[in-house]
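First comes the structure, then the notes that go with it.
Letters A, B and C mark the chains in the order given here, with residues in each chain numbered from 1 onward.
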Amino acid sequence: MNKNFNRRSVLKIGAGLMAATALTPSLAFGQTANINYWHTFTSQSEFAGLEEVMKLFKAAHPDIVVTQENIPNPDFMAKITAAVLADSRPNVTMVSSERFADLLAMGALTDMTERLSSWDKRSDFDDSRFDSITKDGKIYGLPAFSFVDWMYYRKDWFEEAGIAPPTTYAEMRDAAIAITDPSKGRYGFGLRGGPGGQNYINNVMEAFGSPVQQGDQIGLDRDKAIEGIAWFSGLLTQDKVVPPSAPNDGFRQVIEGFQTGQTGMIWHHTGSFQDIASKLEPGVEFGTLAMPAGPAARVARLAYAYNSITKDENADASWEWIKFWGEPDAAIAFLDKTGYFPASNSASADPRIADNPLYKPAAETLVFGRPQPSFPGLAGWLESVVLPAFQRALIGEATPEQAVDEMIDGLNQAIG
Amino acid sequence: MTSNPQSIMASSRPLSTWDRINPARYIGELSETRFWMYLLLLPSALLIMGVVIYPTLYGFQLSFREMRLNRPDLGTDWVLLKHYQRMLSDQIFWISLRNTAVWVTAAVIIEFSVGLIAALALNRNLPGTKVLAVFILLPFFLPNVVAGHMWALMLDPRLGVINDLLVKVGLLGGYKAWFADPSTAMAAAIIVEAWHSFPFFTLLLLAGLKGVPSDLYKAADIDGAGSISQLRLITLPMLKTVIAAAVILRVIGLVNSPDLLLILTSGGPGRSTQVLSLYAFQTAYKDFNFGYAGALSVIMFIFLMMFAWVYVRLSKVNQD
Amino acid sequence: MATLSIKGVRKSFGSVEVLHNIDLELEDGGFLVLLGPSGCGKSTLLSIIAGLEPSSGGDVVIGDRTVNDVHPKDRNIAMVFQSYALYPTMSVRRNIGFGLEMRRVDTSSREDAIARAADLLQISHLLDRKPGQLSGGQRQRVAMGRAIVRNPDLFLFDEPLSNLDAKLRVEMRTEIKRLHDRLGTSVVYVTHDQVEAMTLGTKVAVMKGGVIQQLADPQTIYEKPANMFVAGFIGSPTMNFLTGTLEQHNGGLALHHGSAVLALTDIEPGAEAFVGKQVVAGIRPETFSKGEGPSSLTGTVDVVEPTGPDTMVVLDVGGQMISARLGSRERPHPGEPMTLNVDTSALNLFDPDTGNRI
């Protein structure tokens, strides 16, 4: 109800404003600034959220026309690289934390430190929010929303089996074994072994005591990493609590597997909440949990989608657009459509977030969650070394030892 | 050049001042010389230099330099054969090379066979073949990206129609994750590729078949050649040039385009569908190592040139 | 070697019937020419005989075998196509021997047969070439070599000379005749060229609109055409058609055309019935001679065309143009009056209503 009311009222305001602008063109005095915005939104809910924010922005800034352009994730780095080389960059680009180092190194980003320090809403954001977009004291973006890692689980299945929601990796494995029933086509855990799975693989290694980055130190603790890979791949190879399609399962497959009742637990972030709620009843059929703790650490990422100025032209208009994402109105509208957590404190304190028990695990995670590691070459190493090496372990083509050795070799190549 | 009335007139009376400075006259005189030909070729030569030769050479020189976009600290110095040396000991390169060979060979063979069968069927001009032709050619009009996503869905282990069909027919015990199993991932990707591109062969072979006189088949009927012999001894030899051109074009296309595999498997699981084009793409756009990616592209370029040369030799296309 | 009979063969494409009830007989060793303008159905009939095209009804009998459902390769026939249909990717040797190769004749007897055929056609020196390296006449010989090498019961020729230039066509015509005399194999030969038909055929079937207009030896076709179509189609220049009234005359019959009276001799029995009626007289140009005679026509010279051996004269007789072939020494001038005598024994009478011979 709440949602509908909001949406309708926003539509009304938007429509009214549009009519007003049409009747009295003098309102849009001065010249109109055109900016284009590159983003990697994929799902329907994300698009709905983006449209909502754009509508609100249009009402607030009739003199700025935003053209959004969707760049699919797999093509993103290729496109932005080409755009930088050919100097045909977009005005504003959505930058995820793991791409920051590469984009900065190739000179795609603009220093926004001054603009931020003179912004009146800067105090809404904890300093830590800027950690993974800061280099040498210079800040290159403003968080638009957060990726708060958490997990979804089938509440009904857990109740049926009489088991409690897991808080550690060991409990999670036991629960997965308990609810797996191949005859019903049920698997305990939807492991993302395909595109995008690399981040979770890295998280598991870190949870077992092998963080890839510690301060300036980059490297893996071979033994701990092997333990992690053995446990994670073992969910498929030993325990068989994972669908056999795991080595090729990406975002869509993992979400669909959970939506269609194939898997009982999945790891993701809050951004998929509305997508899952569209198929399963929240609080009844599925629930949310904070990420379980590994033997050495409890790793849940707090990452942010930053908006960054990537072109000098119309930089003031770009800044207006970037700032707008930090306004509570925009942030809540976006959360409403998607489930992505706002990055600003004032928005997180909104009762619709604070009073919703399903969002509680996310709020907990905000306390212990940690940022993504960040160094040049990380994204490439994760995607083209860690993921295939782990896949080889998943399909039994390599032992965890071999997979980790491959990762170590690749890491040396990437940073060497 | 033979003399025309104007030139006779021009030479038979003294040149006026205007004649001497008239640019049209100079151009006219130039057009009679043998340099004219080269002058006319100049614009297109410049265009080819700019559009084809320069980027190719640029790619070549890239392969001899350090060029890592995310590592400005390494500079962009010449590194001679460093990238090529690395290739020799790069496991992934050799796996990709082997996979590329499998991928290209199998896909071309299937695409050619299916394309030929479709072309032969369409060439019979039976009622309804015109409509059928449109349907058969349809896959080719789909962009690779669309075809890839479509098949990824159809082969999906949860929602895929194909699994459903195979289980219902009884060929499969349960749903299979085609792209998650290294023993089926490459085969499934090849089938998707073949489905998408066989119309390329159909189209070219059909055009070739239209050029085979129907009298030849009548003569062969009377001579007692059955349909297999007719295909082997008349149709295929008559299509030799078309086949050679089509195969070379297709091989180039298959070697160079990573998009379908990028969508279906991203080279996985493990590295079981990693091919050179995908590896070069990832090296450039995920690792930002343009030097090594350049070296990989140069190797692909050399392999393709060698293939085209050997293939044309073997198929004796130039003989006729 | 075999006889050929076609019994009531029909062919239709959809609702269009292109061959109506064709009956034909060809004696063993005969040379049948199917002659007619394009679209008359002659090539379709040949394809039906070859088995390349199914008929819509009727029987094709080669020798004593009804071959309606027999595959072309089992009819023991050989065919020479207008396009020659040589296999472009094979050598001349393989082209000629292809039929034998497909019939799994062993290599040595195949080589012998090829050598004999090549020798007969004087193309032994071309055996290792590809068709693309041959002239039109040479290709024609290879096509014939491919036909004769198997000693078939029946040769089928589909306008084999029409792609050759005039001189070569005459040469090859003689060659085909010589070959037929030598081999004695029955031949069915399709052409639209009446000279080929007259020179080659032992029997000529003149076709039009899917119907055989006349089936006879060339002499009969020429001298006693069955109808005005055959009469007009055969002969160059074409037969003159003179319309007049048939009257009793001196105990015989005569044709009255204006003031001219042509006394008829060798009258066909049916002619009596047409006394007092309009008839069409068909007169070949060469049956005219200059000067007065028992049956003469007078008119004004319109055009004179000396051809060398003859002089063709077009005479205006009361508004109707008459062609006459006169001796080469005749050189009348246009505008002069002229009288021509007609040899009425070679005259044909046609019913103007049906066009049929009386």
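Here is the rule we go by: contacts are C-beta pairs under 8 Å (C-beta built on N, C-alpha and C of every residue); 3 or more make two chains touch, one makes a residue touch a chain.
Chain labels with UniProt names: A = Sugar ABC transporter substrate-binding protein; B = Sugar ABC transporter permease; C = Sn-glycerol-3-phosphate ABC transporter ATP-binding protein UgpC.
Fair warning: this is a prediction, and the values are worked out from it, not measured in the lab.
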Chain whose averaged C-alpha position falls nearest the assembly-wide average: B
Farthest-lying chain, centroid of Cα atoms versus that of subunit A: C
Comparison of A-B and B-C by number of C-beta pairs in contact, larger one: A-B
Intercentroid distance (Cα basis), subunit C paired with subunit A, Å: 89
Length of the line joining the C-alpha centres of subunit A and subunit B, rounded to whole Å: 38
Geometric centre distance via CA averages, subunit C-subunit B, whole Å: 56
Interface hub residues of subunit C, defined as touching at least two other chains: none
Residue ranges of subunit B touching subunit A (in the complex, touch as defined): 69-72, 156-159, 176-177, 179-182, 185, 262-263, 265-272, 274, 281-289
For the subunit A and subunit B complex, residues of the former touching the latter: 74, 77-78, 81, 101-102, 105-106, 193-195, 243-249, 253, 256-257, 260, 262, 376-377, 379-381, 383-384, 387-389, 391-392, 394-395, 397-398, 414
Parts of subunit B lying in touch with subunit C, wherever the complex brings them together: 213, 215-216, 218-225, 229, 233-234, 237-238, 240, 320
Subunit C residues within the subunit B interface of the complex: 47, 50-52, 71-73, 77-79, 81-83, 85, 87-90, 98-99, 102-103, 130, 132, 146
